[in-house]
Structures are given as structure tokens and as C-alpha cells.
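Chains: A, B, C and D, in written order; residue numbering restarts at 1 for each.
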């Protein structure tokens, strides 16, 4: 499963010497949200320019490019795109239109993109990629022709687009940050040491540039940052907040805080709940690196079973790593992870992971543990079984490929070779983010889609 | 601090289709021991060839190069060289001499290299690099001219070289594995699924290729692998075993086992000992990733203070990452690590790390914790204070640069901004590898050099 | 001076296994027309896809990319862009619009681009680059919404765009080739050995793929290639043909034939005319490589003065060549060219070159000749003095930078250190392409612009 | 056929700020002598260092590496190696021995290399490559241990090595240039504008750095350059001069002068002789680029048949160019060369080339000419038929592969599809360099080897 993107914007207003360096650090901190392409756009005395390319921020940018960008205000984007992986759909998208240039970077996915694209195309619109961001940029630009301000154009655009969007829009002299009315994806406001406002997908990017967290952008909020500070221009109401629960379970970095809830704390609670829902007698609790570690600690604390390191992860896998072709015991998993046999041998092991999608990786890991001498392997998954795809920007395989649509939990347990298998119950999802009220989207588990 | 190298050898004898693939996987598993250059040599129907280059194994090799290598027997090397970073000193070293070719790869550092080099040079020897491996290869080749076998030449060579060497030597039809009489560096024997013997610096490389651990090569042992299996040719006695204690504390991967002692278990014990030697009232124990984590868990278990994740490490730092030039809060450390504030805020923290060399990194990390709201930071170091340099292959700064030679523990504690600071006592080093008898080298802490 | 582009299209219709390979060879043959970016688009069972990138065809494409492209019909483009050097303006441009996708590649420059862009933008059009090709693709797509066929849309587009355009348009099942009514830039039709029609900017690309020349696309002609062969759809009349005379003088490869006139023959004639217009007593005639050689041979033949090699050109200058920074005798010119002193020493030399723009290169070359011992250097330029910029796709410096706007021929002769200097007369331009009637554009010499 | 190497040395003595820049320009000028590897070594206050790598000078070096080299004296090498293409055999070779470091770069090939290597190896010498330069460096270093000076060591070395060597040797404070007693390969002395002595394989490298030609190093001469200027230390006599005639026919750049003879003039004379030996009625004389052009002009002048351009050569072939796999008319030759049909069609053509090795390329070219409409193609080769391999540094295929060992001239004429075929007679080789006396090596034609 993949997340689709991280956004960043900074209204430097001339107070920061090279704002692109902040963008670079922020992209680096949010690179886990997208590794396919990276881009930075700047507003340079009102002229918007952009450098982007395929790959990690560290691959696309070097000293020369960063310093060449210059500018006062800046925005950036890291992308994972399931639809359209080429540089024409890399973001930020700079659009040249009747009133000049504007720039858009988005995290999320529209549910009415095709419909809008067709409608616009019938009226003469043209597209050079299949990206939502290009579509949104066109709508904003179109509306801007008849609007008094960029923020008004953004507001009208928001009335037409449906689905998930946490985006930043840069005009020559303003930055507008928007979060869709359901707030599917996170978006937060911060302030740098120089006193400049900054918008980020995840708060870990604030830490990366030494900025303070101010507040979350609220679902439905349109925030304008300009010479007058950061002010709410509009707030779309009436929708139920539906932040993606998978951000807490898997996507986000544990050191980020979303809508007031620490990711790490949410995972710790998921682990504790799992321990209550699926207790087992065992000798050690281990987590599958990196995302299973937090929940494993929670499971350990709740159950009283000792937490330990179960695996060592190899940090030297890069883009150019070739998987030897020869048929041998080394699976993909065993190249990345090695069992820390000392902690496993002869023990009854509780192994905590975040999700099971196709089931093959989990089976491989269990086999590694058994080969290393584990007496029993009890798998605990810190999310419910996945049954539905996501139209809001998470790349989930087809329903046919999801193992939970083909097998009962009991069958799956046998298939993957576990001694027991337990998933977090759907009902307890609210507890992991500490709310009773359902203010999150769990459609991939329940099929209960907030926006059709 | 840096380790200098990992070695690998496999006597495939035609049973393994492309033995270079095993070498590649093994290098990848031992890449933490050296990232400057990577090389593979093969014996191809008795002809020894070699491909090597600067960089990680994944950067030097691709499918084409691996399959082009062919061969039946293979050896490989990953290198960190403080002395001489160019491709002429990259290993394996292939030497052409009066009886054909031989090939050497070494982990370690000789103490009489300069003396030997001068002696040989006075007698007409010539060198194209400053590497010990080239020197050793020359001596072996020289002795091989008057010896009955490659193993005899190796034996005579071992009588002349002093210091640390865990090496593999490949002749057209044999592989010889040698560990110096003190056994400063590790070296282990394994067996692949195909029944072929393999020699590795660390056992985690055995796991990477699905091989079984057979036994450690013993200090002073010369092991010959050929058509008759793996047999001890000679065993040099009389020395006290002195395996580098820093392999346990810092260099090796926690999933490796050296001379019967699990690295993870050793670190766990170091953590436990620390807890006994430097107890403190606190709310959470955290480790500095990655090497401080194991000891932190040990400290937690012994002290009963809860273990938790204190940091999130960024996995996207690569070779091309540029550190923004601009003066800002972001230090080197803060680019790699972010504090998981949720776990730290308002708490009394025990932070476990493996060593303090110059003190600056530690001070940076403590500042990050305090900024994130830590009430107290108690630093516990799972090794004694470092006072001496290492002539056996560990790259330690000069005595003048070592902070423990400039400051008392109390002064250092204040300098780095810790609330308390405790080092593991020198006397308890034996305990971490579970021996009473001193069978390890602790010269960097004590100045007590096993070989002058 | 730079040319702006070469185009290629092939209607393979399934008869050619990998048509992208033909595109690659054709780009390579026309690479002299543009080295900034290279791209290939294919129609694959009606789906149009494109791979493009910055650099030479040999840098952008490899075996894998070529074979991945597949497809039945194909078009390609090599680009030099003075305006906008990034991948968003690289061609071919693929446009997604209300009726699917279409693809455009153009050689030339519109004179009403800004006006059209503004007009369209006021009506809601948006652009992602500043390229004419994107603009043209938008107009075609817009018209295609209300037209019966792609060729009709192209025809209507041609009624609105003004200036130079020799372009190919690919719809899912057709290829349309168009040349503007003045025929500023060349465009030719060929047929491959497999019987497939192919369109090229220069006939040397036909040779490169073993195709036969069929005929030139005529000025104002819209040619449709589909299952029914290659048929003229429309012919715009009423304009005087105005092919760029600089194609003959400098841009094109000597082995190409344009509108029935061999480039080499045209240059040979220019040399002969020069000999008649500016005779001189001399010992040898030399040409400045590569474009001055053909005219030099013509001068030699007409004057009876012996032709010889005056220079040796270094073929190893690549993209990464660094010009040493140190101040020394080595100018840019002397790195690329060395005088063949044997032929020059003590001689009266006629040096033929194609044009003088700023004058500095010419002065450097003359100095090299004098240093090598030339007794006299008589410069003969196979074109008239340049006074005006070009709006049709040739990148000429500003009028202020053109040396002929600052100096008389006599002054210039002294400035560059020549013993005599002669330019081809404006009046004889027709003769070099063998016409009495003025059917070419000489605006850069005369300011007489065919289209304002 | 390939040449094996070009050498360069400059005794800058602190008068030249960055002497490595001169080396870079010189390598670039001599890159036609070797494209496999490039290297520069410097003596930096007596410490010799070296940077080298695979590829062209422009690929191996950048601004940073050049300026990092520093130093006062410098030497450089471009290499083509048939034997051993890896960085260990790239030159210059830096050797560390009992008295410090020395550095060697050589052009040529020893005939007793194997014998010497074995002899040395039996006495304990070791080699890391198969290169003659490493062997020579070892012998010099060995002799230097018991000699009063580097030049004496070089002199003794020269008494032992046999074959072709034009080499430069750098000690911390001297440069020694040596040419073997037969003078197989060229070597010339020059002087820079700063008054510093420089040694080059070809005089075109002197032009590249703005240096003046002083004189050729004589066969058998050992020249020492140090604070006392450039002085002959020793002159080995008694051998007949045997400069490689192929340097004149093919290898060298036409703008170089070797042993007083201009390469261009020699080729011109070869063309004239051909015209006398193999006259024919024809309409045009063309040369195969680039090396056939000079002789073609000579043929034209002697025969009175008009010279013309027969081909256009594509300058954009680079290292990464992929030859399309598809079977088609496009042969390797047709990718590089296109016939200038205008000059060929309906004509009787004399095509001049420098040599025929396997015959396939020649046949391809003739086919291109016939396809372009040539009525007759008369092939004239500016060298005799090749029958023997070369032990002095020219990479000629085996005797079995040489077409002249398999076919008579008449058979060959038919095989390649020519209308007539004429080779330069063996007897007239002296005339092309203007001597009656045989002072050149023609062993590849005659089997008459100056050194066995």
C-alpha cells in the first residue's frame, strides 16, 4: 500500500534567504509519503518557477539547483502516483493562464475527477497528464478569470471538486492552503523561527525546519497566507470529519501529530487494544519494522509480555539494488529483514504488524521466524481486515487481490503458517485516536464511504 | 568511528550456478562494515578475475557485471579505508606472481606494516597502494614461490605479520581462511544449502544467503577449503584471545553471533550492567538508533523503567543528500533523527548510546530532547570512556580529539547538557560477553595493547 | 546561431516491428537541428504515449525504453529551444482533450503566438509551457471538438496561426503532415522498404532508415497518411514560397535535399559565386569545418586556386568537456580546431566560412592561421551580412549584437584581422538555389519579412 | 585497428599555476590515440599523486578533480589497451618503492615483456596488472635502488627492455623522456609560453596548449628535464630508426609533425603515389572520413580528377549510442556515414581509404555508394596489403582474420564489389615520408620485424 503525497508551502516574504532549502528539508522529512517524484516551486518577485524530477528530493536537487531557485515564497511536493508516473504529472503543477501563473500541489484523490475532466474537456479544456493536481489547477485558473481573488477562485473550485484534497496553492503574492470538508488527509500550520507561516502535510516536517506547530488546518477551511498573516478566508461546514484512519495505522511518521493525536500514541493504543482483544500466552512481543514497532510496544505493555527486537533491517537497500535472479532461499523479505535469532529461538512469539494485504509478505516473515527457531508465532494485526479499495488517495489492490476477501481469518491463519491470528476489531478504531464519535474514514475496512 | 571491512569467501566448486550472486547478497548484509568500496573476485576454471569499484555493492554491481563474473569459487570485500581511499587499495587484491595469481581480502590492520613494507621495499618490493592487503598479498606470493602449497605460504606469512587480520586467500583451486592469533576480528565458517563451505566476517551474511553456521574460525587457525572439505591446516597457539570488544558494543549487526556470543545479547547485558552501575529514577528509557536500542532494552529490563521509542530515524538519507548551507536550527543530527515528543514530553528520560567520541553529537541529541520537553536527560553509555587509538583496524580520532582525554565525566556531563552521565565500568566488560577471563581487547579504553 | 528542431513521423500500420527504432535513427540523423531535448511518441492500438527527456537521442533513449514504446505509428522530435528549455516544452506534445489524445511536433516559430496565447487564455485556455507546439496542440484539439476529422481541425488551425511551421500531428489512427503556406522550414515525404510512408524535416533522415525520398511536402499542403496511403487533404494557396535560405547556407546537412535543391550543391554554388564576386590572388582555399567546407570547394573550383584542408577538428568534445579556467592562449576555438600548418605556412589563404554573427570566432580563427604562418588571410563568407533577427525559428542575437550593424565591411575586415573580406551579395542568393524568382526568405539579410 | 596510447609530461617547476589543465588539454588533443582510460599524475612538492579512470579525459576529469590535483610537474596518459582494460592497467602507473615514488606512462609495446615478467616473477616480483607500464615501472624502481639517479635507472632499464617504448618517467623532482632505439613511436619536445619544457606523443598537443615545438626526442635518447633545463643524458646508438609507418598512414592527426615529416603531407604524397601506381578514368575522387581525406586530395591533385566530398559523417555518435537491433538496411557504417549523393550519382568514383583489414567495412561503404547511384567505384588504398601482426603496440587482428592473407587483390576486389582496387606498393612507402633510405617499420606489410 502506498500513500499519495506530501505537500509543503512557506510564505517567506523575503525574511528567509533561501526558502528552497527549507522546502528541501521538509520534503526529506516527508519522503515516506511519496518517492516517485519531487518538486519545488518558488515565487520570485511575483514570477512563479518550478524545478521537479523523478526520484527522491536528494536525487532531484543539488546545491546548484536549490540556490538557483531563489524566490521569497516556496512550495514543494513529494509524490507517489499509482496512475501516471512521469514528469508531466509531477507536482507542483505550474499553470499559465489568462491572469498569469499559479501553482498547485495536492495530497489526496478526487472522486469526481473523471466527470470533471470530461465536462471541462467537452468545453474545450486540455490536459497534458492524468493528475488531479493539473485538473484542480485548471479549475482554479478558470475560476480566477472571473473572481476577485485567488482565494475566491479556490473557494468556488472547492464547491465543485469532491473527494480528498489537502492542498496548497501559490499565486504570485499569496499562499492558500485548503483541506477538503471531510479532512481525509492531514494539513497543519506552523511558524518558523523567522516568524514565517508554513503549511505541511505532517508535523514532522515542522521539526525538520525548526518550526513551531501552530494548529491543524481544519476540514473545510480555506486559509490565506499573505502580508496580513495567516487568516481563515472561508470555512465549509456541514460535513462530518473523516480523517483517514490509515494515516494513524501506517502512513504517517510516528513523530507526527495529526488533528491533535500523536501517531505514535495511536499505534501504542492499537497495540494495547489488540492485547485485550487477542490475548495469548507468549514469551516475547516483536514488531515488524518499522511500522509495527509502536503497536508491538503497546501490546507488550498491556499484556505484560516482554518486548524485544525481532528483526534487524538492512539500511543499504537503494534504488539500484538488484535482486539476484537465482532461485534460492532468499526472498525479497529476507533481503530486507533478518531475524534476531537470539530473541526468538525456542520462544513463543507475538508478532505485531500493521496490516495484511495479499498475505504473502506475512507468510514469508513467519517462515523466517520459524526457521530461526520460534516455537510459536502469534500474529497480531493493528488494523481490521481490509475489504474495500480507497478512492481518496490510498493505493489499495483490487478487491480480488485482497486476501481478506478470499479467506476467513481462520483460513488465513493457516495459509500464512501462524499459530494464531488476530485483527483489531472494526469497532475499536475510534479508541486508537481517542474518540467515541466516528470522526474518521474506515471505508477500506467497512465499505462505508463518506463521499460516494 | 568506523570499522574497516568485511570479507566473504565461498568454495562453490561448480555446485552453485552463479556464486557471485551469493557474494553480492553477503556484501549487502555486511555493508555496515564498510561503504567506501566493494569488490568480488572469482576463480574461473583456475583463472582469478576481479571486479571492484568505489561505493556500495548496489552501486558497483549490476546484473550484467554479476553474471559476467561467472566462476566456481568466489570472494568479496566491503571496505572502509581511513588511509587510502582509491580503487587501487580496494579489495580483493589480485596479485600476479611467479606461480600465477592469488587473491587476498582482509579485515584488520597490521601493526608492523610500515616496517614490513620498508623491509620488502629495501629488497626490491614495489607497491601500488598503501593497503595492508596488498602488502600481505605480496608476502604470501613471495613465500609461495618457495613453499609447497598456498596454505604453507600463508602460514609463513602469518609468522611475519603482526596485528589484526581476519582474511581469506583464494588460489586457483583453494580458499584459505585465516584469523590472527589474537582473533581481533571475527571470522566464521558456514555451509550453504548446496553443501558448500563459506567464510564470512559476520554471521548475518550466512543468513542472507540461507547458509548454516558451522563454527567460528579460531584465533590463530589456518583453514583450507578445497575438494576435501574444510580442514584446519595449522593452528598458531600461545596468544591470548583478544577479540575487539567494540565489535560487540557497536560495529557488528545485532543479529550476528561472534565466538559464540550473540551481539544483541551482549548489548542487552551491557544495558543491564549500566542499570546496575548507574541507576536513576526516571520515566522512560530510550536508545539512540540504531546501535543504542539493544542496550536500552537491557537497561529497561534491569531497572524496571519502561522502554520506549525516543527517536524516529529518517531512512532516505543517501550519498547525494546535501546539507543545506544556511545557518539554522537544523544540525546534522536533526536531519537524521527527530524526537518522538509524545514519549518524551515532561518525562525524566534515560538515553542510552554506545559511546562518546568527541561529544558534539551527544550534546546535539540532548538538546533535541530538551527542546521536545524532556524534564531530565540521563545519559548512559554502554561502553567505558575512550582514551586510546586503535592500531587493529578501528578508526578512532587522535587522543587529542577524544573528549574523555580532555574532560572528567562530571565536566563532560555538564558540557553536553545532561542531568547525569554514566559509562559502563572498564571492569565489567567481560560480563557483557559472559566471560570472567579477559579474552577480549579493550585497548581503546585501557591502553592495554595485546600487540605492541 | 541555432536551428529550432527536426520532426519525424512514420505511419507503420503494424508492418514494422519496432517503429521506435526508426524514430531513433532518424533523430540521430537530424540531431544537428536540435540537441536540447529528444522525444518519441507512439500510437499503440490507438493509445498515444510518449517518452522524452533533456539531451541527445542517445542520452534519452536506451534499448529498454525503445522496446517498451512499441506501437504501430510513431513520431519524434529533436529540439533546440531558445525560449524555454525544460521537459514541459520538450516535444512531441501529447494533449488529452475531449475526444481523446493527439500529439504534435513542430519545427518553426509562430509570429502571432503571443496574441493567440492571450486570446485563448482570455477564453480560459491554460498552458504549462511557453512552447508553440503546446499552443498549436491546444488549437488543434479545440477545433477537433467541432470538426469531422483531425485534418479538418488542422486546416482550421492553419488559418489562425501565422509564421513558420513544418509539423506532424498524430491522432490515434492517422498522421497529418503540414507545412506553412510560405514553406519556411523543409518537410519531406518518404517511403520505407516495408512500403510505409514517413515524414522528415531533412532527407538525410530518410537515408538513415533506408527509406526512399518520395517528394517534398509543399508549402501550404496538408497531407494525411492513413490506411488509404498518403493523400493531400488541402492546399493553401496564394502565398509566395519563402523557404529559409539559411537552411541551405548553414543549418541543413549537406547530404540533404530540400525542395529539389541539394544542400551541398547550393553551398558549392555559393562558393563559386563568392569566387566571382570577390576574386583574390591566393595559394590555397580552405573551409572552416564543417559548414564552410562545401563552399570552399566551390570557391576553389571556380577560382582555380587549390583546395586544401586548413583545420583539423577535434571529435572528442562532449557535453562534459570543461574549458580550463586559466588564462592562456587556448581560446574556445583553439580547443575545437587546430590549424593544419603544413597547408598554411607561408601561403596566401582564402578562408571560407558560412556567416559572421558577432565576429569574435572569426577573429580567433584568423589569429590561429596567422600564428601558423599564413602570409595573407582572405575571408570569404558564403552569405550576405546579417542585420535582422528571425521570427521564424532561427535563434539570431539581437540587432545590437550583430557585428554588421555596428561596422562596415571594411571596418570589420580590420577588426577581425583579415587581409580582405567579402560577403556574398544579397542579389545572388537566388542563384545558390538555382532560381531567378525570389522563392526564399532572406529577411535576416534584408529585413524583408514575408510575414509580419 | 587501434593505436595504443598517448603520453604527456610537463616540467612546470612552479611557473604554471595549474599544470593539470595543460595535461587535460593535451589529453583531449591526443584522445584519438586512446579512449579507454585517461589519467593525470602530478608531483606536488615532491609527492607524486595520480587520478585516473576509465573513459575519455572529459569523462574522467571535472573542474574539481583538476584543481584538486595541484602540483608543479605533471604527466598524463590516454590509453587504448587490447590486453587488459581495467583501472589497474590505466596509466600513469605510480610505483611506491624503497626510495619513494616514481611514475611511468608509456606508448608502445615490449616484445620481451613476458620473458621479463617471468624472470622478475621468478625473483619475487609481483604484478597487479598485465600492463607493460607496470612492468617497466618495476624495473626502473628496482634499478633505482642501486643507481645514482633516476636517469641512470632508466638507462639500465632500457638495456633490458626490447620493443617499442616512447615513455615519460616522473620522479619527485625530474622528468625523464625516453624513446626506444628504433624510435617506433613518436615523442617530441616543446616549450610553453611560460618557458617550461613539455613532452608529447604528437605535436598537435603542443598546439593545444600554445606551446612551441622544440625538436623530436631522438630514437635511443634519454632526455632529462629538471632545474637545469632539458638535457640529453644518454643516447643509445647502433639501431636503425624504424618509426611506425602506420603513424603516418592512419594513427596520427594530420596536423601533427613526426620526425620532421608532416602527417598531412605524407598522406598527400601517398595519394599522389597511388594515382601514379593505379590510375583510372573517373569523374570524382572522394575520401573515407576522416583518415582517407588527405590522401584523396593528393590523388585528386596528381590525377587531375576533381576532389569532392563523398560522405557526411554524423558527429553525434557517443558512448551510449545503441545500434537498433532490428534487421534492416542500416549497417554500422550507414549510421556513421551517409553518402553525399549529389556528388556521386551517375559518376565514376575513386574512393580513397587508408587500409583494408577485414574487408567488411569497405564492402559496406561501396554498397552505400552504389545505392546512391555511383556508376563505378574504384577503391584506392593508401597503404599496402596487411599480412602480419604488430608486436610494437598496434592492435592488428590475427593473421587468419586479415583478408589479404585469404584473398588476392583481384579476389578481394570482387568480394567487396569494387570496379577496381589498388593498394600502395610496398616499395614506395619510403617516398611518402620523403626518404630513400628505409628508416621506418613496415613489418605489418612485409613481416620484416626490426626487433624479434
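In this section, a residue touches a chain if its C-beta (ideal position, glycine included) is under 8 Å from a C-beta of that chain, and two chains touch if they have at least 3 such contacts.
Everything numeric here is computed off the predicted structure, so don't read it as measured data.
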>> Going only through chains that touch each other, how many steps at minimum separate subunit B from subunit C?
In response: 2
> Looking at B-D and C-D, which pair shares more C-beta contacts?
Replying inline: C-D
> Hey, how far is the Cα centre of subunit B from the one of subunit D, in Å?
Replying inline: 48
>> From the mean C-alpha coordinate of subunit C to that of subunit D, what's the distance rounded to whole Å?
In response: 37
>> Could you pull out the residues of subunit B that touch at least 2 other chains?
In response: none
> Of all possible chain pairs, which ones touch?
Replying inline: A-B, A-C, B-D, C-D
>> Going by the contact rule set out above, which residues of subunit D touch subunit C in the complex?
In response: 17-18, 21-22, 24-25, 28-29, 31-32, 35, 56-59, 61-63, 66, 193, 204, 207-210, 253-255, 257, 262, 264-265, 290, 293-294, 297, 301, 306-309, 311-312, 314-318, 320-322, 324-326, 328-330, 334-335, 338-343
> Can you list the subunit B residues touching subunit D in their complex?
Replying inline: 87-88, 93-98, 118, 121-122, 124-130, 134, 137-138, 141-142, 145
